[in-house]
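Below: a set of structures, written as structure tokens.
Across the two complexes that follow, subunit A remains constant while its partner is subunit B and subsequently subunit C.
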Partner chain A sequence: MEKVFVPLAVVTAAMFAYAPFAIAQAPYESTMLLIQKIFYFHVPSWMAMYAAIAVCGVASVVHLFKNRPAADRLAVSAAELAVLFGAMGLVTGPLWGRKAWGVWWQWDARLTMALLLELVFISYLLVRTYGGPGSDKLAATVGLFGLAVSPFVYVSVNFWRTVHPLNTVVPTLRTGMLGPFWLCAAAFLLLFALLLMLRTRLATEQAMLDDLYLADEE
Partner chain B sequence: MMFLRTALLVLRKDFAIEIKSYEILSTTLFFAVGCVLVFAFALVKEGQAPPDSAAAILWISLLFSGTLALGRTFERERYGETIRALLLAPAPRPALYVGKLLGILCLLGLTEVLLVPLIALLFSAPMLLERLALLVPLLAFGTVGFAAVGTLFAAMLMRARTRDVMLPILLYPITIPVIIAGVRGTSALLASPPDEPTTIMWLAILLCFDVVFVTLSLWTFEPLMTE
Partner chain C sequence: MTKRLFAVVGIVLLSVQVFAFQAPPGQPPAGQAPPAQGEFLPIDQLPASEQLPAAPLLIVAYAFVWIAVFFYVWTVWRRLNKVEAEMRVFEKRQSHRGEGAPGVNRTQPR
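Our next item is the complex of A and B:
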């Protein structure tokens, strides 16, 4: 972990530094022109959030059934990142919606479900912080339910009538757009992995410190 | 067989306690009526309720009184320390969960029996007669979805110090999709003429939520209640 961290961080930083140029060079979308470019950051932030939800849900299941504190630390780190990337998606979405739809927010299936998913993980963090002893198991269940609800968000655009662009828009992008899009997606996923490593290490060291305090008191 | 018998025994135990005082039933019903009245005062202007409000009020009242009932049901187990005895019993844990869930479902079912005519009356919503055929499954599926998660969370929050505030905080984000599906399905049903295909689509979505939530709850109840 430690060995790959620095090279990965350098690569990610380089990708984020190059991303604005790649996005600037990408061709304009025919109807939305410049506004469409927020898509290069909006979609990858949701991709990173789904990755975080998947990690959190799986780690929660492991903690719930196998009682592994390491899995719990991974889950709580991933939940924090899910809230972070979800917040990015929720900020960039309305910025686009204001220009494309004329309103900041619509109570549409996709938007509502995405907001709820964000709330699920905020409630995860709340129960972790204020739930008292035993809240790790409680939170693990919330993480698992969050993972279970997330496919409904993903498919909601395809089944329910919605004004949000469909998931199928990605493969139909023009050639010049695909390169920058996947560059940004990879950059966001790498950023997620790096932050997850850092945050998990912090949690591990906190746990070690707590153990040391306990040993000192005895 | 053993599983079903245990679940029914837990249900019978809860009934036997409840029937002595009717505490949870009467408070929940009164709270539900209070909820409807608050919404009626807030929304009805010059004798006219806003369109679609009846469906929303039905489900919101159900959500609020359900949260209250869930908290009360497990508070009773915690107060008497009876939950420990229940968990010590040589019975499959998921059966205890199912028993508790059935109790909550009965309670919410009774609440709905009161709420539906009341809202039909106060909001002149066409809920009765032939539309009941679809309204009953909508309410049933919605209640199962909500109560499945609610029973699990209320059970696991029993030991938490901040359980009163944590229950709605955890429960609402996860069950709001169920409530949305219920409200949408009900308002499609209450439209004139009733939009039955839309109602059936929401009914199918509710069924998906029910399957997912009940499966996950049965699966996680055991490891959650082991301590």
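Our next item is the complex of A and C:
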């Protein structure tokens, strides 16, 4: 894993360094103009959050049913990243909405459900931090709940039509916008993978230290 | 007879005028586009004090993403350093215990 980390970090850094130039060269959207360029970081941050939720949910299932501590460490690392990338989406969205919609926030289905999804993963971390012994299993059920809920958040905008655009925006993008968008999406997913490796290493070392203290007490 | 005809036509025309005058305003004659509304201004013609600039919002959005990433990496790095320092202290303590004590086994946890 550590052999992959450095080359992956270099590739990700190069992609993020090139991203501002690609975004600047992308054509302006006809009605929103400059503010629409938040899209290139806003949507990829949600994509990274969904990736984190998938990893956390699957690892939680493995930990719940097969009792694997390694899966638990992966789940807690992914949950932390779900909160990080979710916060990015929840901050960049209102900044875009303030100009495009005239309001910072709307309590519509998509925005409210996205906020609730963020709160689910914050509660996961709170359970892990303050839950005491056995909190890993309880948190795993919270992670599993987050995974089960996330598809409804994604499709909510198709059922309740409000101010938020539909999910069909990305497939209908103009050619000049598609390149920068997928570049940013790939960069965010690579960043997620890198941060997950880093955070999992921390969780592994913490577990090693706990094992050493336990062995010493015995 | 002609006088009576003129009188009838005159009354009809007058009534039409009166009704036309009383018709609700803003109804354009058929086949004509409605006149432009005076209350609305195109967004690029708004006075500077009324316009919301996009650039600061865009800059804040991008800056927030980078600050969040760097802050998170810093917190992970700090926690990692703390754990490694604790591990070094533990190893030192084990080595001071002498030959008979079990050595530190830094193997991967389960």
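Operating definition for what follows: the second predicted complex is superposed on the first by the 218 of 218 C-alpha atoms of A that agree within 3 Å, B and C clash if a C-alpha of one lies under 4 Å from a C-alpha of the other, contacts with A are read in each partner's own complex, and residues count from 1 in each chain.
Heads up, the rule we're going with is that a contact is a pair of C-beta atoms (placed from the backbone, for glycine too) under 8 Å apart; a residue touches a chain by one contact, two chains touch by 3 or more.
Remember, predicted model here, so these are calculated numbers, not experimental data.
When both complexes are overlaid on subunit A, subunit B and subunit C end up sitting side by side without clashing.
Our angle of interest has its tip at the CA centre of subunit A and reaches the CA centres of subunit B and subunit C; in the overlay it is 90°, to the nearest 10.
Shared-chain residue A:Ile35: touches subunit C; no touch with subunit B.
Applying the stated contact rule after C-alpha superposition, one finds that A:Thr200 touches neither subunit B nor subunit C.
By the touch criterion defined above, A:Leu212 reaches subunit C but does not reach subunit B.
Contact with neither subunit B nor subunit C is seen for A:Ser150 once the two complexes are overlaid on the shared chain. Within the superposed three-chain model, A:Leu119 lies in touch with subunit B and out of touch with subunit C [touch as defined at top].
By the touch criterion stated above, A:Thr12 is placed in contact with neither subunit B nor subunit C. Between subunit B and subunit C, C contacts the larger number of subunit A residues.
Residue contacts after overlaying the shared chain place A:Lys99 against subunit C, while subunit B stays out of touching range.
In the superposition on chain A, contact of A:Ala87 is made with subunit C only, not with subunit B. The superposed three-chain arrangement places the nearest Cα atoms of subunit B and subunit C 19 Å from each other. For subunit A in complex with subunit B, the touching residues are 64-65, 112-113, 116, 119-120, 122-123, 126-127, 130-135, 137-138, 141-142, 144-146, 148-149, 152.
Listing the residues of subunit A that touch subunit C in their complex gives 33-35, 37-38, 41-42, 45, 68-70, 84, 87-88, 91-92, 95-96, 98-99, 191, 195, 198-199, 201-202, 204-213, 215-216.
Across the complex, subunit A is touched by residues 52, 54-55, 57-58, 60-62, 64-65, 68-69, 72-73, 76, 79-80, 83-84, 86-87, 90, 94, 102, 104-110 of subunit C. The residues of subunit B lying in touch with subunit A in their complex are 149, 152-153, 156-157, 159-162, 166, 169-170, 172-174, 176-177, 180, 208-209, 212-213, 216, 220, 223-224, 227.
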